[in-house]
Amino acid sequence: MAARSAAAQSPDPLIVEPQPWAQGLGDGVDVTPYGLPIRFEQDVVRRNVPWLTADTISSINFTPIHALDGTITPQGCAFERHHSGAIELSKQDYRLMVNGLVDRPLVFTYADLERFPRENHVYFCECAANSGMEWAGAQLNGAQFTHGMIHNMEYTGVPLRLLLEEAGYDPAGKWVYVEGADASSNGRSIPMDKALDDVLVAFKANGEALRKEHGYPVRLVVPGWEGNLWVKWLRRIEVTDAPVESREETSKYTDTLADGSSRKWTWAMDAKSVITAPSPQSPVPHEAGPLVITGLAWSGRGAITRVDVSTDGGASWQTARLAQKGTPMALSRFYLDVQWDGTEMLLQSRAMDDTGYVQPTKTQLRAVRGLNSVYHNNGIQTWWLHADGSVENVEVS
Amino acid sequence: MAARSAAAQSPDPLIVEPQPWAQGLGDGVDVTPYGLPIRFEQDVVRRNVPWLTADTISSINFTPIHALDGTITPQGCAFERHHSGAIELSKQDYRLMVNGLVDRPLVFTYADLERFPRENHVYFCECAANSGMEWAGAQLNGAQFTHGMIHNMEYTGVPLRLLLEEAGYDPAGKWVYVEGADASSNGRSIPMDKALDDVLVAFKANGEALRKEHGYPVRLVVPGWEGNLWVKWLRRIEVTDAPVESREETSKYTDTLADGSSRKWTWAMDAKSVITAPSPQSPVPHEAGPLVITGLAWSGRGAITRVDVSTDGGASWQTARLAQKGTPMALSRFYLDVQWDGTEMLLQSRAMDDTGYVQPTKTQLRAVRGLNSVYHNNGIQTWWLHADGSVENVEVS
Amino acid sequence: APFGLGRAALPEEIAAWDVDVLPDGRGLPEGQGNVLTGEAIFTDKCAACHGDFAEGRGNWPALAGGQDMLADADPVKTVGSYWPHLSTSFDYIRRSMPYGDAGTLTADEVYALVAYILYSNDLVAEEFTLSKNNFAAVQMPNADGFLRDDRDTMELPRWQVAPCMEDCKESVNVTMRALSLDVTPKDAAPATVPQQTPVANVEPASEP
Amino acid sequence: APFGLGRAALPEEIAAWDVDVLPDGRGLPEGQGNVLTGEAIFTDKCAACHGDFAEGRGNWPALAGGQDMLADADPVKTVGSYWPHLSTSFDYIRRSMPYGDAGTLTADEVYALVAYILYSNDLVAEEFTLSKNNFAAVQMPNADGFLRDDRDTMELPRWQVAPCMEDCKESVNVTMRALSLDVTPKDAAPATVPQQTPVANVEPASEP
């Protein structure tokens, strides 16, 4: 164990001198009707990677997971992915159509939706491309960039099932096609079983209205499944007998294997985890001694049951502490409280879910999928913590 | 049941005409590194009541609970209560002292705190004065004003117990005095049992740093107990053999009964609930037919187990649906999905917790406490819903 | 200690922050001050908010008056009428007042201000000098006015009962309406409210 | 219907929004367009981003090329090399392109553009005219290239096993370092990073 820091040589002026905040008056309760983070936290923001896409409008940014703790993601810094930009659509201008293989094609206003029974659930939303840049190897030096295409919010919405029942869906309709009001429309086909199971037509996240960039006023929530299915600015739901095979489910969000064939309909997000601190953007600011290793774990197939942490690049593992019992399709926070000896470590985390799935290594994944994947990289991440406290993104044998 | 709205006479231009949001491009991912609500939601903000206090600096504002759903309160609109304003205190300037009946008086930096084991919990924070203006009768026309001195967040922090153990607290110290770095210091005495039980020294709320107005960088979290104990900008923790009987625990936050004697140390927040919609600021925008009645329930003594709703001013009750199983000292959301016949209703909700406590009526409360109370008004709230959909705050016999 | 974190607090540091004063007088600094000195300081630094005689001004707190009315409707609660311990005044004034310039008063000034507030409450004579030594001797009128939270015995047995579900009331009448009081901030009022007759008179309650 | 909410959708409304085109051609409007017409429109409205020959420009997507290289390293995935159904091009272009001015193309223009993209991919001759009638006859090279998600059978049995806890590896070596690639946005880079030698060459991967 590290020795406690020596007593200060002389009294700390921050304690023994009068300080302005202890003498004067701060802000009144009328100063920020809607508040933002304090200016000292200005680095805790979404960031994008300019070289990744042709422009910022059909692009993505990243949640600053390296600087967050707990499990809830504030909407203000929750990652965004748009295919034709974040549009502005008012509740008054909002319409939702349900058509196709239904008894009664219907149009709903926003106010209509608020009259259906609602549910509340915390779910993660992960872009299928999260960690995608890392298929080629260690590329981006920060958990925000390698694993930040994820957020986790408490959603309030109407079960999609209720809207399908309202229109009288035909049991011959095996698929539900959903699309948004933006120019991309981002159409996706969802099997009817999932649509009737746990999909929500959501209008609130973390208690308040969805933000513009997350689909205000209404988005789809598709628990455990890739974020591209979570259609924003939802405008139409069509019951069909076949998938539409839209651009988003053929050209994109398919997974090309080593032999050149490609998987389609890879909806579920595999169990995954990442250490958020220490990490390249969250170096260790202290010497040897007590160190909190923390991170996030999640699974699209159910609840996280266990997370292991390795400090030696996967040679040996210790089971971390889950902050709370895992719940289905939601982020879990884990902690491992260690005594750091001040020497370098190769940090890894490994998630397990209630189906018994154990997060694989990148090597294991590449052995099955080859090297041409873009999406669904849930391989174990390695951070190299150096003796000086700095951390870098590496891969290990 | 209401008849479905008639089909439109002519096609809705919002559907059949091209719309700008479906043609052009929206915002790119670099537009809002940290986002705010869309402009259409500009009414969903904290509000204060100017006549309530001499100035806005020692004052309170109110969470817009009438417009929120789910249970998490976004930090940006979570109520504030300051005694000398919201101060700006950086992590670099932050110091926390533990002294008094301890083996080793200690000073911690912010970075030191991040090296202790952390916990995560969702808890409500309710000002003891919430609904206080209603002791005198129905006064403020909106759930935001009558019940909005509450918020509910996921906190990340270090158990206070660990800091007390670090300093080596003397078992003879039956109390812990806590105070903040602002000019008010807002000192409070907490019994050692509670301090060792579930109190957190918290630095994150809903995943990110505490906001300035909620005590950045460090505040106390005292689950289930009145908000005044949740000291912001926490600077000192002293183990004592007796309560300090500070201004905040004698002049304020005491409860004067009918005979002129006053209760002190009324820490726990009694079980309580309120219908958030319909409510005066959330009138019913539609005719007869399906109507969602929703609200919040909480208890400082444990978890909410049940909420009943009355539509006839308390003559009869129906058990509402809890969105999720209640958890200790956290908000629960309830829903009652009704078929409104379009006539007036007197809406009430009644919370029950896992101690078997049933939320009393205001009449029952006044019978025990008299008419001079300021704090701890957990009486059943009545909203009068009129046939035109408007709602007002009333009391009933 | 299990973690070895933090550093030892220096005595000067503890002295700087550990300034609380307990009901038994522990924590009081050396010093003294009399009513007339206190009056002068009060006029200079306090009266703008609290009134010349500590009687309060507008919505700013009254520090004097209100004695023997705690059982009446809307009692005025002041240092004199309500506060059980004199230590609380010394502690609070020293650390938090004057509002906007806290922590600037010397110990002697605080003794003098507390003496003046006692005088304004008719609790000491004009000649009175307050000091560390005679602090404990001052009698506070409401010293015995506080009892420990007794909700567990007084209230819980009443409320921990099976809730009524049907025929809970003979009749229900509206007895009070917030609209007739009209104190809700206007910008937050609902768009349309019905026109109806006031039912009862109500009043703003005190601050949170 | 249980709730009676919403209103009947009018046929014109359904027609306006229900424009998806399925692989079997359902949803195609009447119309036609040939390669040369398509080339002219493409040059005018598309080539600025996608290149004169639909070969892509900078980071903007290529729509042609890449055939027969899906099993090679870093395959170029285009309408010609990758897309299994021609319907997808019609559907997507009609609703979403040109980027910034979506929904402005007539059915005939979309047929012509799709014909031109087929031509750019060497899948039809310069004289080709695409119409609703011959749409289904076009062969897409990668039509059989997709299989249904088989992770349940291919992967889950491998990963649903007891995790190793001790002596899981003989040795551990760093094989790749992001720092040597240096593609992390600079404003987000950590304050201090150690100076060390690159270990391996890595490359930016494709867009999310």
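Chains: A, B, C and D, in written order; residue numbering restarts at 1 for each.
We adopt the following convention: a contact is a pair of C-beta atoms (placed from the backbone, for glycine too) under 8 Å apart; a residue touches a chain by one contact, two chains touch by 3 or more.
Quick caveat: nothing in here was measured; it's all calculated off a predicted structure.
Visitor: Touching chain C and chain D alike: which chains?
Guide: For chain C paired with chain D, the chains in contact with each are A, B, in label order.
Visitor: Determine, using the mean of C-alpha atoms as each chain's centre, which chain is farthest from chain A.
Guide: Measuring from the centre of chain A, the most distant chain centre belongs to C.
Visitor: List the centre-to-centre spacing of chain A and chain B in whole Å, with centres computed as mean CA coordinates.
Guide: For chain A versus chain B, the centre distance works out to 27 Å.
Visitor: Measure off the straight-line distance from the CA centroid of chain A to the CA centroid of chain C, and report it in whole Å.
Guide: Taking the mean C-alpha position of each chain, the two centres sit 48 Å apart.
Visitor: Please report how many Å separate the Cα centroid of chain B from that of chain C, as a whole number.
Guide: 23
Visitor: Listing for chain A: what residues touch at least two other chains?
Guide: 8, 12, 15, 22-25, 47-48, 59-60, 81, 84, 97, 107, 115-116, 183, 185, 289-290
Visitor: Two-or-more-chain contact residues of chain C, please, as numbers and ranges.
Guide: 1, 3, 5-9, 13, 17, 99-100, 102-103
Visitor: What graph shape do the protein chains here make by touch: line, ring, star, complete or other?
Guide: Basically it's none of the tidy shapes, so other.
Visitor: What are all the touching pairs of chains?
Guide: Those chain pairs satisfying the definition are A-B, A-C, A-D, B-C, B-D.
Visitor: Per the contact definition, I'd like the list of chain A residues that touch chain B in the complex.
Guide: So the residues of chain A touching chain B come out as 8, 12, 14-15, 19, 21-38, 40-41, 44-48, 55-57, 59-61, 67-77, 80-82, 84-91, 93, 95, 97, 107, 111, 114-121, 153-156, 181-183, 185, 203-204, 206-209, 211-213, 216, 233, 285-286, 289-292, 294, 321, 323-324, 333, 335, 337.
Visitor: How about chain C: which of its residues touch chain A in the complex?
Guide: The touching residues are 1, 3-10, 12-13, 16-17, 99-104.
Visitor: Using the touch rule from the top, collect the residues of chain A that touch chain D in their complex.
Guide: 43, 47-54, 58-60, 81, 83-84, 97-100, 104-109, 112, 115-116, 127-129, 132-142, 144-145, 149, 162, 165-168, 177, 179, 183-185, 187, 235-236, 238, 240, 242, 244-247, 250-251, 254, 256, 258-268, 270, 280-281, 283, 308, 312-317, 346, 350, 352, 355-360, 364, 368, 371-372, 374, 384, 386, 388, 390-397
Visitor: So in the complex, which bits of chain B are touching chain D?
Guide: 1-8, 10-12, 15-16, 18, 22-25, 289-290
Visitor: Would you mind writing out the residues of chain C in touch with chain B in their complex?
Guide: Residues 1-3, 5-9, 13-14, 17-18, 20-24, 49, 58-61, 70-75, 77, 79, 82-85, 87-88, 91-92, 95-96, 99-100, 102-103, 142, 145-151, 154-156, 158-169, 171-179, 181, 183-185, 187-194, 199-200, 202-208 of chain C touch chain B in their complex.
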